[in-house]
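We just call them A, B, C, D and E in the order they show up, numbering each chain from 1.
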Amino acid sequence: MLFLNHVYLLPIVPAVGAAVMFFFGRRLRKIAIDTVCIGVIVVAFLFACVTVAEYSSFAHGTGQAFEKIVYTWLGSGDAQLASAMNGGAHQTFNADAGFLLDPLSCVWLLFVTGVGLLIHIYSTGYMAHEGGYYRFFGYMNLFMFFMLTLILANNYMMMFVGWEGVGLSSYLLIGFYFHRHSASSAANKAFIVNRIGDVGFVLGALTLFYYLGSFRFTDINALARSGRFSIGDPVLSAAALLLFVGACGKSAQLPLYVWLPDAMEGPTPVSALIHAATMVTAGVYMVARSNAIFVLAPGAMKTVAIVGALTAIFAASMALVQNDIKRVLAYSTISQLGYMFLALGVGAFAAGVFHVFTHAFFKALLFLGSGSIIQAMSGEQDMRNMGGLKDKIPTTHWTMFVGTLAIAGIFPFAGFFSKDAILWQTWTSEGGAYRILWFVGYATAMMTAFYMFRLMYLTFYSRVRMSPAIRDKVHGLSKSMTAPLVILALCSLGAGWLSWPQSLGGSARFEHFVEPVFAHEAVVLEHAGKSGQVSAGEKEAQHTDKAEYLLMILSLAAGAAGWGVAHNAYRNAGKDYAEPIAQKLPRLYGLLYNKWFVDETYDYVFTGRRKLGNVTLGALGVGEAASWFDTKIVDSAINDVGWVTRAASTLSAWFDRWIVDGLAVRGIAYLTLPFAYVARLFEWGLVQWYALIMVAGLIGFGVYYVWK
Amino acid sequence: MNSAINATNATMAPVATPYFFYGLATLAIVSAFLVITRRNVVHSALALIVTLLSVAGLYLMLYAPFVAGVQIIVYAGGVMVLFLFVIMLVNIDRSYKEKRFSGLWPIGLAAASALFTLFLFAFIKGRALFPDRMMLLPESSNTQQIAGLLYGDAGKMGQYTFAFEIASLLLLVAILAAVVMTKKRA
Amino acid sequence: MTLSDENAANIVAGTTQDHVSGNDSPKTYLDSNELIINMGPQHPATHGVLRVILKLDGERVLGTECVIGYLHRGVEKIAENRTYAMFNPYVDRMDYVAAVSNGLGYCEAVEKLLNVEAPARAKYIRVILAELNRIASHQLWLGTHALDIGAMTPLFYTFRDREEILKIFEKYCGARLTTHAFRIGGCLYETYAGFEKEVKNFVKFVTPKIDEYEALLTGNRIWMERTKNVGVISGPDCIALGVTGPVLRASGVQWDVRKAQPYAAYSEFEFEIPVGTTGDTYDRYLVRMSEMRQSLRIIEQAVNGLPEGPIMAKVPKVIKPPVGEIYHSIESPKGELGYFIVSDGTTQPYRLRVRPPSFVNLQALDVMVRGLLVADVVAVIGTIDIVLGEVDR
Amino acid sequence: MVPISTLHYLIVAAALFVLGVVGVLTRRNLVVILMSIELILNAVNLNLVAFSRMWGNLHGQVFSIFITADAAAEAAAGLGILIAFFRNKETVNVDEIDLLKW
Amino acid sequence: MPDFVTSYLGSTLTPGEAGNQFWALVYVFVIFAGVSLAVMSMNWLERKALAHFQIRLGPMRTGPHGLLQPIADAIKLLLKEDIIPAGADRFVFWVAPLIGLLAAFTVYTVIPFGPSQAVSDMNIGILFMLGVSSLGVLGVVVAGWASNSNYPLIGALRSSAQMVSYEVAMGLAVVSAILMTSLNETGTGTLSMIGIVRAQQEQGVWFIFKFFPLGLIAFIVFAIAMVAETNRAPFDMAEAESELTAGYHTEYSGLRWSLFMLAEYAAMISVSSIAVTLWLGGWMRPFSRLLRGSAWDLIFSLFPAVTFMGLAAVAFVGVVRMPRRSDFKVQKIGLAVFGWLLGFIALMLLIIAIAGRSNGAAIPSTVNQSIGYIYWFLLKVAVFMYLFIWYRATWPRYRFDQLMRVGWKVLLPISLTVLVATAIVGILLS
């Protein structure tokens, strides 16, 4: 249990790498940077593996959480706050530097370090010729440090440290090319939008503290599960909703998703690691972590499900027509995150978590693949200028093909299992109350298949559309870039098998592994008569009906349909191919192409950067209004008052000059002069004078002690 | 000559006769007087070195050889070289033409005389507090004993170990301060 | 370093003129940005009477200015008042440590003007003596250069071995330094008895001695620290400044008049041109060391193949070259030594101009020492290998 | 002859101390003032060592070692300030250093 | 013989310890004269050895093989005009060489030529030595300043910066040797020079070989630093004639200049003595553990006599090899006398060595032992002296910035590391 007992060292490992980079990185050579940065991640990965192994022998499948509290880092000391519940007991406001390991964090731990390691390796190839190499890896290691802190935190405050930390490293990495205006403004956007979510998070956490008297997950869960609270408790609902606002910000859900597409300004490995595979799933993690609260707040659950479903289809619709390869993947990420929240919302926590797990692999794969394409194309990101790359970069091609199959939900690739589980859970939950969401999800699945195959066709299969100059420069890629692709492709293929559904004769090992975390909630839900929302593994054992098979076939069909449509439309896309949507529904295409004008709307409504006619709304609008009020109303009032004052002051001046000045001030000043001279002796500005005063003091002391 | 041989009272023997004390004390005071009166700063510095060395001699008479060694190595060898360096850096040619004493000198002198009178008065008044005979310290293990106080003995932490560390920190800070302040800003 | 310039002395002393008189607060020299120091003309490390005015920032050299002419004797002007044969001894006084090369260049130039060719035996003798002289010059350079950098001992070793060369010269033509060994049209003296044996013995004697010098210096860490990356000059810079000789070759340019435009009998011998890479002082040192070895190779071949025959071509008693002009250059130990002679058909040259390698190479000093420390200036002056007699003429 | 007692040393130290004080109070040159401070510190050291002898323990000597370290630090920092000041004002006269007045 | 003389010959205490002021004065006088003599012979030796390194002969005319050259030099320097430059600070100019000389000579009071052959065995011996030798810097600085000339000033600043910097590395190396003295049963070390040698005796190992290679490294650091500390080649920055003419003593001439030289050579001998004391076992004869027993003792006690015999033989060979010409007669006779003198000393030593073996002769025995101590100590110091000359003949000069870099970035870290490593190893092994 050595590693388990010292699990607090795990986040420190990458922090060491980051520190080395920040302090000495500039002077190190590339090989040294590689050794240090990759080395710490390798150590972290092995550490994580050993820790998880030790944990599983510790828990014996009971899912008992392992908690390690190192010290209290944030606290009110002995000052106590009354908590509303918990018997009104006085609680100290303390947050520990504590670490919690349970199946949920184990899952995150493994794929964050694993995928992180692969992406680090990939980056050595991808970033090889970029300036600020050490800076990049320093940030990456810093990110790993904060992400691991977030995952391993045992309370909301500690988690918030990681939460803000990953936000910070995300900001740094999006703005990595800080000399590019678009990159720095994208970084700012991401940071600001995230702050909105963070407000929700902090308020939610503090509400929970106010209500339950602790920040610790274990305490909160214990209290929530104690049965003291009725389902639908208003304060808990509010807390859950506030936490969900935080999750929306971090995980790019409607309406706070706008930062994620812009975040693609960062280097592609960053997009893969932070903005697809790990950080953006922090929201999902947090909601899953707080499942005990959410279960007690059905309203919040419904909100989560609906927001998730809407985000999924909304983002997918925008992905249909994007031409920038990374943006397609970005919207796809948002869409998939929507899926996860949908799953969480309908109570299928395990399924949602499983989707996070599989999604990490294939989305990282797709992003890295797109990075390889961009690298091979010497920086070109527009799919309209690609095509026919199949033979030029074969490894990238077939790995990305695997990724596409996975995300499109083709059997037996990873996406099929997780997506199918979500859809199936959605279909069955609450006795079918959410079936409308199933349709949304299903449509999303179809669109996903379409835009992903559109991406494949436009880049790899269709006619060559790039300029000859670029075509000649297209080159193969280094081993350090292709090797992670291959590994990720294998994972994308096989990760789904961890949860081979029982209906297909599997054992759903994954679900069983994370089940203990959610088991209690399943009982609660069942008790509440919402029997649909049970963790997947158990439920499948109970209901293996034909509908499930039907849904599987349907979702396969959705994937196939999307593939087919894309195949037809883009198989032979030449220089001026036509977008099918643009042809059939030109207005919708315009709407989609402009991303539903959401950014513009935000500009109109919230920031005020765009004017609605003559009226400015949003932050700038408020500012302008305040300015108008200030100059027109306040100032003129002041001016008027000033005139009155001047008249009065003429009068008073006479009085002042003769009575006050003459009699009072000067008279007193002349009186002061002799005293001032004495005071001045102490502030002469001469060193020796001060020394003299010191000596005088010394003499004084001496005299006192001699004659005492 | 015979008396010299017979004075082989090993460690208890006085380091030197009282004459040495008077000689060293006179040397110290006279050169200290030169320090504050010389117009040429280098002469002052040389006089100060003489004072420091005489004080080191007094330490030896007080059975404090380690302190005497430290006095020589730190003051005479280190600090005074620093002073001479600085004197050479800040051209002193000008000071030949200038007033030596500040305008405050009568007051300063008066205050200092008052202080000295006070000291003497205090000594006279408190004469009974000072025994004529001095304790004898074992000279041969002086260094070891000081080390015991500073670093600790036989596994125990010394009484002044912590203070010693702080003193080293202080020196470090002083070094940094000196470097930072004297560095030419490009 | 001698302070001769009044103003410079004042600056060095820390007071400029207005400070001495005025009440202005004086600036100390350690505080001011620029300090001007005179190196030479009396200074142990300027190899004669070179005067270098150094502009310093602390100890760092901001710029240099060479003042030359302290040894000017008007050699070129003298040539216009002497007959061709009479002028021959004068050229020995230019680069007095490589007098043979000077004479060789002059004689060949006049021969070219007269359209006379020296006999084969004379050419071989010339090559032998010129290469011996190259070794002697490099030995002198090595000794003084090492002494400048603080290694005293090599000086004595090189002088011991140079003595053997001078002995051969003395036996051959009676003079040790200013030899006047050659005449227009060939050589005056036949080799003395045992000349070949002595030269061969010398080659055998000196080969291990060169290894001995290298053993003292080449791998020496202090020597390397003092010379590596000191006084770096690039090949293009050398060409732009007209620098020739070992300095040019150390910068990686393979240019040697013996190979490029072979004169005397050089086309008949096998030898290599050592080339450096970085163009720093250490490379120049290595180039000269291996040049000495190559010279030994040439000498060995020349002695072994010394042909029989006359040593003097048919040259008129009164040398009156036809009207015309000629430029002829040879590779002296210091670099390309060229003679440009304009003849008006009389017995005296109308104009004679020397291209002295030392003078041209000295122009690279400023480029080399900028940004270095004062101690490096000494090393760089040594490494350029100038002879002030040749610079000033 | 009177045996040398603690008081003798104290008187010598007092004299040194007062001379140092006079130097600090009267001299204009900052370097000399710093040297006078060294004198004062030395006087203190002498007292400490004399008392150490008087009481027969070594604490006084240890303290004097600390004071020596202090004095070294003071000299380094003080001279650093002096040089920095000299660079800006080109004077080391203490009565021209009166910026604190304003 | 007066009682106090004979009583002291058998004493095992230093005059300082014994409170024997007469012998202390004798020692002071002997050391002063001896060091002056050593400096003179060192001067001759350096010229000759350097000359032979450089295939020259060196001084040959003044006396046989230039043996009287140092004396001639001294007379010349004494008689030379004593120039004090205009504008120089006369008093400081006058006092500067004395400071250097005093510092250089004062340290000899604690150098142990034998267990009782020192003026005094100070409790803080090595600290005293380092402190007093660091006073030598003052002489250099003050000399440069007082000359009222720029080259001396720059030279003084350079060499004092150099000396102060190298003192740090030197001090740390010394501390690691002192640390080694504390590795005994009681765990208390000593700063006393005699105590340090005694510690080596007790531990049965010269500190250069202790904790191999830690002692060796510390010794090497010290050996390099001491060359820099004495301003000798290849660290003779202050006297770099190709840059700064003659450094801080450019303006000095005659007697004062010779005082500087005297101080420099005396300092060379004193730092070598520190090195010998700290690392090379001081007065101990080599292999005192390995080759023990009375037979070996006898053989080793014959060494001084044999050495002088060898020197005498060399002198006689010189006599024989002199040209048979009349104008060489004086020189021949002089060298022969010198040879006889050496031979006589050898004979005396032999007699003492033999007499010391016989039973019941207490005084000859102790005297014999004392001679052995002094002999071995001086032999070791002489090796260092030869090394100084050897360095000068072999190496080019460092540049100032390189020199400071070596001091601060190479020697200082190494000596710190060695110090820490010594402490760790000492703790681990105890």
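Please note the rule applied: a residue touches a chain if its C-beta (ideal position, glycine included) is under 8 Å from a C-beta of that chain, and two chains touch if they have at least 3 such contacts.
None of the values given here were measured: they were computed from a predicted structure.
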Ask   = How short can a chain-to-chain path be from subunit A to subunit E, counted in steps between touching chains?
value = 2
Task = Compare the CA centroid of subunit B with every other chain's and tell me the farthest one.
result = A
Message = If I count C-beta pairs in contact for every pair of chains, which pair wins?
response = B-D
Distance between chain centroids, defined by C-alpha means - subunit D, subunit E (Å) = 37
Ask   = Cα centroid separation between subunit C and subunit D, in whole Å?
value = 63
Task = Averaging only over C-alpha atoms, locate the centres of subunit B and subunit D and give their separation in whole Å.
result = 8
Inquiry  = Counting only residues that touch at least two other chains, what does the list for subunit A look like?
reply    = 686, 688, 692, 695
Remark   = Multi-partner residues in subunit B (2 or more other chains touched) are 66, 70, 78, 87, 89-90, 102, 104, 107-108, 111-112, 115, 119, 142
Note = The subunit D residues in contact with subunit A across the complex are 21, 24-26, 33, 94-95, 97-102
Key: Footprint of subunit B on subunit E - complex, ascending   = 4, 7, 17-22, 89, 91-92, 95, 122-124, 127-128, 130-132, 134-135, 137-138, 141-142, 145-146, 153, 157, 160, 164, 167, 187-191
Message = For the complex, give me every residue of subunit E touching subunit C.
response = 50, 53-56, 150-151, 233-234, 236, 240-245, 392-402
Key: Complex contact set, residues of subunit A against subunit B   = 686, 688-689, 692, 695-696, 698-699, 702-703, 705-706
Ask   = For subunit B, which residues count as touching subunit D in their complex?
value = 18, 21, 25, 28-29, 32-33, 35-36, 41, 44-45, 48, 51-52, 55, 58-59, 61-64, 66-67, 70-71, 74-75, 78-79, 82-83, 86-87, 89-90, 95, 98-105, 107-109, 111-113, 115-116, 119-120, 123, 127, 130-137, 142, 145-146, 149-150, 159-160, 163-164, 167-168, 170-171, 173-175, 177-182
